[in-house]
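Chain nomenclature is as follows: A, B, C and D, assigned in order of appearance, with residue numbering initiated at 1 for each chain independently.
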């Protein structure tokens, strides 16, 4: 789960990380009032779940309150990577001496959270990584022992030669690590970590991504979710425990398991079709999930044919069959459906479908071919 | 460092452990008022750093407020193992269904904190351990991973067959472990952990011992220290960073290092003398420590001779010599002194002593023999 | 022969009385797996289906039944604890089916399991099956037959698909292992390839990978340098849209690695046969076997 | 020959600029120890006494100087961290002099050091000296001479006492090790006895124990079953008053073990010569050497 910059910074601040003063505005007038209150130059920053805000014009420096109003007017309502900006963070503009990058992410290879720090911070950090990898220090943390003091100091000295700055940085590493672990993060970043000319460190931007699997333990984090900044169909799918990503094709796919879902999409493409979506109904199944999946897919007017590809393991195919029958009784389908079912309780599922006038096959290749043909203009039973 | 039962229980309660309602009284009238406020039968319990309070008559059941006043009158001012009772805990008497023992201690052999739990709780738990060891479950905790849920449940089921009680107990184990780790304990005990007839668990008595080495990190725990319940000379010694235990002999010993201090006492005894104390001036030395050591030892009227046995490693013998000179200039000694010094900066130390009219030897055996003889009636230079 | 599980497997089911646990335990028993015990705290001294004794914890189950393998169907927040309990109780192979285990939990579970020399398969995996010998997890028994092919896969249902096609073509399996697709899992491709290489009954290996990470590339290296047996591979996600990248850190740590094209290249460079469609496994494997 | 340290020891001093660190580093250098580096965060690029380069951390010290042994003089709250840093940086032998290290810190340090196959001596110990070769810690160099006796002790100054008496009697030492008296320490009697048994120069061992715990009894068992070389032992605290017991738990876990009498009995049963007074070592060891 993504949270906004201002939320991430507040969380980090709760663990002691120094951040510039800031408040949220949803109107230009609010932005102006906040800038007036602060009485210094501010940044107005779009709060959306998308990278590259700065390059898209969503982050602006404002010398005066009137300036803040004007910039907020431009940014609020702006579209960034398909998402509408509904809030801006108005925050005191820091005096910038130098900018460092500090990130922590769970690394598959090392099977640990890994810190990445670089004195060459800012928006071009990926280029630094690609072109001058020696400018990045990678430091894996053994979570059994936590981040040890000497590791934090090592990062501090990698970023700053000055011992006072190095010690401040080491402290921030500990605070960032605590926030990362306590909030169940898969990613936390401070970029830039600014050293002011006065010798103070301050987190000018912050980003946190929460492991969805942790949310059951962290009601306070789940409460930070901002559904207004996500695509409605994806919010709907998530509320139904489905993984859904909208695409541009016309074959609506309902599959169980991410691997099989991807293989199904690959096969649709292989046979000349275009998938309309990725949709994984997941493991443990119930008929309700299928009803929701059909509702979400049929909301897409591009879909010309619906393809079910279900291979039952922990998913019971009879649950899926019951879901199809229930959903189509309540809302008769306007597009043809091709069903492929095999595995757990396959015989029961086939009987349910046949009894209700559906046909189904047990062969994936055959079903995909048929769905592609149907979407191109043919018709399924 | 020891803390009182009421302090330990408040600490445990802060981590969620259920405890009976209770308040501290320093006068019988207060005890009566508290009992009246609670409106139920209470226990009046002496708060003193000594085991065996119950057997010494320091813990009493009181049906009425008048009863509480009477029992408090008897207990306040009572001596238990040489310590005067200055406070009593007046606490709601729990309804007792069964009594379990739960303790956690750092174990040298396993190099881990080890839980010990037994359904046969109460004051005779050592007998249970000696006679029916199978009634105690030992569970070492790997602090890298913390107390895991299944370990806590295993202890819960060892204590209670009923799943509800087992789960309550498991939760209390987690809370106790958290309190143990967060407070820097070397010991924490709940004894008895009472199961009420209504099926609730409650910690009726609690004990915590804090690792002195942790106190620098735990100002809030250091603040719980009750110097009124410790021997004045030991409080004085601790404040001076000295380890001091008073004994009954007449040879006052000032030694650096616990092993050498014990070996010195052994040798005093071997040559027919009796040590007046154990006193370790520890590692890193400064003259101040010696001044304080002399003050504490000379306060004991039994002391007939003072024996210094210093073997300098990290302790510098010149620091010790300077301390002796300074202390005796300020407060001339009334008893003879025998000095043995060798090791780091020995030549400088010898010169300091000689210049100030002291004699000193480098041989332990000789010095001990001389001190014993002096204490018996001879005289040192 | 087979890898990881066989006729000597003595299985304890953690979470045996839950919805998934009870359903799949029945299936495992029907399949002929030696299910010796179940664990559900508070249900000790009961029995499952009148046949399998239930214990309050894995220690008791191991002490009383000699269980050597465990399968886990407990809810995600308790899965890490269940894995560590099994390993602590002396179980040598733990198969964790549970989906949704927090990845930070796994950062502690992984070294815990390694320290004790046990093997974990999963979490978030379909488990292991050695056809006609034992089934530990949720891979449907009826889609497998005994034979010479070792199967290893990061995905669940895609594994079933391929195994089913092999079976329909009369090509049986020594063992099928679903290693799971979570960021941190206990057993990787190389562990399985190495075991298949050593298993005398396995004559060829089918490997199903996915986009993301570099496990497939490392597997390809292993095949190139350490395997004598033929391997056929597949990568799912050729047409998947690029996932939303995770901050700068995600980009830095993975670099350009993880695309399907790159993985297919690595396979080819290692001499691994590449199945374009799942059904292609049949002909490719058949050719390798002859 | 010797154990743990010798002419090849390349020492890094953690906390080299502190009061104790600087004092004892000078002594170590005077003794002829090869002190290659010091560590004090923030003082990197300076030098100690114009001769020893100082680094901000142990990694840099190891990378630049090839240090293989570390000695720690940092304050107690930072000692656990310093030990782990040294081990992480690849140091094989870490000697921690610091007194007052919280014991719960050590419950994590101990497995950390073991996991990485390093050796920790201490904390709260006087260190190690191999006379005429190297001195790591605070054992005064002038009280030692080279010779055939291995010395191991739980206490600091008592060790000096015994070593000094041996030296005055002309009996030299291979290595003297103070293992420290803290509840959890990195190296115990058995580790040292085992090393002395293997060291060809060591002909006899002097062992100084104390009341409390059961380390001496275990050492006696080891001597009985695994040592061919003669051992002479001493137990301090024969006349010490019983310590205040630590709750019921303290009584349960230690039972009746730990008295001086019991330990002396264990020594006698294992054929260990028992010194009644520290000075008795001289005659007992002399007899064993001839």
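Operating definition for what follows: a contact is a pair of C-beta atoms (placed from the backbone, for glycine too) under 8 Å apart; a residue touches a chain by one contact, two chains touch by 3 or more.
Predicted, not measured: the structure shown is a model, and the values here were computed from it.
Looking at the partners of chain B and chain D together, the chains they share are A. Any chain bridging chain A and chain D, meaning touching each of them, is among B; the list is complete.
Of the two interfaces, A-C and B-C, the higher number of touching C-beta pairs belongs to A-C.
Distance from the centre of chain D peaks at A, each centre being the average of the chain's Cα atoms. Separating the centre of chain A from that of chain C, both taken as means of CA atoms, is a distance of 27 Å. Distance between chain centres (mean CA atoms), chain B to chain C: 54 Å. As a whole-number value, the distance joining the C-alpha centres of chain C and chain D reads 49 Å.
Shared interface positions of chain B, defined as residues touching 2 or more other chains, are 144-145. Chain C has residues 108 in contact with two or more other chains.
Interchain contacts give a graph that is no line, ring or star and is not complete, per the touch definition above. Applying the touch criterion to all chain pairs gives A-B, A-C, A-D, B-C, B-D. For chain C in complex with chain A, the residues that touch the partner chain are 19-20, 24, 27, 76-77, 97, 99-104, 106-108, 110-111, 126, 138-140, 143, 153-161, 164, 181, 183-184, 208, 210-211, 213-215, 234, 236-241, 245-253, 255, 276-279. The residues of chain B lying in touch with chain D in their complex are 51, 101, 103-109, 111-114, 116, 125-126, 129-130, 136, 142-144, 181, 184-187, 189, 191, 207, 209, 211-214, 216-217, 245, 247, 255-260, 262-263, 265-270, 275, 278, 282-284, 310-315, 342-344, 364-365.
Within the complex formed with chain B, the chain C residues making contact are 41-42, 44, 56-59, 78, 81-82, 84-85, 88, 108, 112. Partner chain B is touched in their complex by these residues of chain A: 144-145. Taken in their complex, chain A has these residues touching chain D: 145, 148-150, 153-154, 157, 163, 166-167.
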